[in-house]
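This is the structure I want to talk about, given as structure tokens.
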């Protein structure tokens, strides 16, 4: 019997290795795997590359991982100037790659979809494109972008069943469905464990085939 | 008040011009906009390019459009050798572009997503790639593919509301959600008209913003 | 009526809102653009999109009716209109990049007479970059409008021949709403469509680096 | 037991089915591969994927319980297992191309000792092409197995040094199930893992163009 449910956050995070690229779902505080991010502090992996929409507010688990020196690089669509990430970056202690938000989402999606590169007009006319390969397609200057895969993806979802099928509430989806597909070790914290079959097959947002482990974290 | 519902198939199809690229949803008979395809015969547009998964069985509306000389080109993942499309192609009376099925889906998706080109390992080592641009990425030979947009997309869905929000039943989804995004004039035949709000916001499969017209075609 | 000019932030938002017809799919940038939604009458169905995958954003909820799972791209609590829906981040930017937005309204530091927009950094050397989703929205929307003060607090013009700040996108802005005027970006440059009462064309030109054209 | 060899189509399907562990996500090509699902015991949870966006395909329904909206990629009516779900065509091929399939089993005309597979055309000049989804599946799955008769009806070998038919993909096949043997594709070439009773290694080599290696 397939059963991807595990009993604890620690078990869910076991085996994450130093040097991993860890994707963190969520936008603002919505769809953000708070318990898994906290657990990552305890889990101990270092030399991490974090992929997440934004740089992490002070007091957040991301900021604490940064302060603890556990993060080598952040890949995000923006950093708040008054954040730990920005301070460490300015001090030369953190590598930062800022990617336009839609390109960030598309690079994650490409990694999950086996697309090995794509062209986008986004940022092609800007300093983001400096020293990089561009190409005119249909009269538009386009920038070549590469997929962004993770080793691990940490998600938050609403419901989950033992096959790993997930649903999200409202804006909770954001990066979670595409990160689920972009890493071989996808771990979801869910608000509710439900029986297999409780989620209507037509309403599954992330098919369980993309998920390796689920842990129950009630509200 | 936004209301994309129209009263008849003829009204739904009005304004489709000669020379249009028309995308046809469906896989087998599932999710196939039978009434809209039939209506296209009556509607009269000619010199069409059809984009659809497969070549169309004898007796189908596609085969009849072909026989009537209304189709200039077909873009599909395969043609049955014993089909009208194959016969016309062998006679040199129909242009045919055969695209690997996943690449076909991805090209349609790229058109809807504003991606102006992508690389895929699919078919890169095959005769499909002859005389075409390839590139080695991460040690894999990859083929450059371009988006495939339509002028018109004809879909079948299960439920639809006045904003154009759609749901699909079971395998009815197939090409319909991606074609909905790939053409400026997307027309859906739906099995049920429902009130705005009857579809749970979390269960909408194709947001109405991709749909221009809906027509009710009961089972 | 001197007291009505120049427009305040709400005045600029209301002026832009008046030009949005029913049925449009619209993305509003953070800052003044977000306020545009407050000036669309409830009976005019305009569909607001947010980068985090919300389609059909309604007004802010009363404090006691907040849904913690429902925010906009500015991380503010919002409501969903009847008929709204949700998509994931890649589909949300497929909407933006794929030409599905009828309109995107962005704040700006500068707009050039060619429609270039600079709205994310004041220097290419800023160590901490805050790009966000503006570049995707600017290249992808069917039309881009900018809302901004006509001049900076220091008195420098923002409607310029060439942007001096790092670009967000080239040749995308179609219209600019400022506290003093409404201007269209045309192949000939900025055409003044409207000036607030009490300001003359010459006054406006004096506060604008680019050459202005009369309607 | 001469009557048990060579294997018939169901025998080949059953032999392959025996090697599929619980929990794998598997795509089955049309023809013999489709029959593999019939030989997975119901209690072993193997998740079958079809190109048209079905995840978790179950057995064929009885004729009076057909759901007309539920077919597989071979356009046959199927059922959905509890826990199954649906995705659209681009997401379905994201599963295939993106390395999410633990296994894809394809029929084949020829498999080369380097793992090349030819399964869609007998000549590059065929006027009507039937590519379908095989090329995407072959390059994307974590492992590809081929099921085919060991030789053609005319007696020609199908396990070859180099494919003579147009390729579906290069260097992707990991294992071949024929009516006579199970063979792994290794860096040294075909290694024979199993031969049906009554057939010797030499007999098998005589029906194989490529050089065979003993296990």
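Here are some notes:
Read from first to last, the chains carry the letters A, B, C and D; within each, the first residue is number 1.
Definition applied: a contact is a pair of C-beta atoms (placed from the backbone, for glycine too) under 8 Å apart; a residue touches a chain by one contact, two chains touch by 3 or more.
Since this is a predicted model, take the numbers as computed values, not measurements.
With contact taken as defined at the outset, subunit B and subunit D are each touched by A. Taking A-D and A-C together, the pair of chains sharing more C-beta contacts is A-C. Centre to centre, using the average C-alpha position, subunit A and subunit B are separated by 32 Å. Computed centre separation for the pair subunit A/subunit D is 34 angstrom, with centres defined by C-alpha atoms. Centre-to-centre separation of subunit C and subunit D, using mean CA positions: 55 Å. Once the centre of each chain is set as its mean CA position, subunit A and subunit C turn out to be 29 Å apart. Each of residues 106, 109, 113-115, 120-121, 168-170, 201-202, 205 in subunit B touches at least two other chains. For subunit C, residues touching at least two other chains, in rising order: 80, 86-87, 90, 93, 96-97, 139-140. Taken as a contact graph, with one node per protein chain and an edge wherever two chains touch, the assembly fits none of the named shapes, being neither a line, a ring, a star nor a complete graph.
Taken together, the chains touch in the following pairs: A-B, A-C, A-D, B-C, B-D.
Touching subunit A in their complex are the following residues of subunit C: 50-54, 67-71, 73, 75, 80, 86-90, 92-93, 96-97, 124, 127-137, 139-140, 166-170. Subunit C meets subunit B in the complex at residues 22-23, 25, 43, 45, 47, 49, 55-56, 80, 82-87, 90, 93-100, 139-140. On the side of subunit A, the complex with subunit B involves touching residues 106, 110, 113-121, 135, 137-138, 140, 142, 146, 167-170, 201-203, 205.
Against subunit D, the residues of subunit A that register as touching in their complex are 1-2, 109, 111-115, 161-163, 165, 181, 196-197, 201-202, 204, 207-210.
By the touch criterion stated above, subunit B contacts subunit D in their complex at residues 27-31, 53, 77-81, 86, 89-90, 96, 98-103, 105-106, 108-109, 120-128, 168-178, 205.
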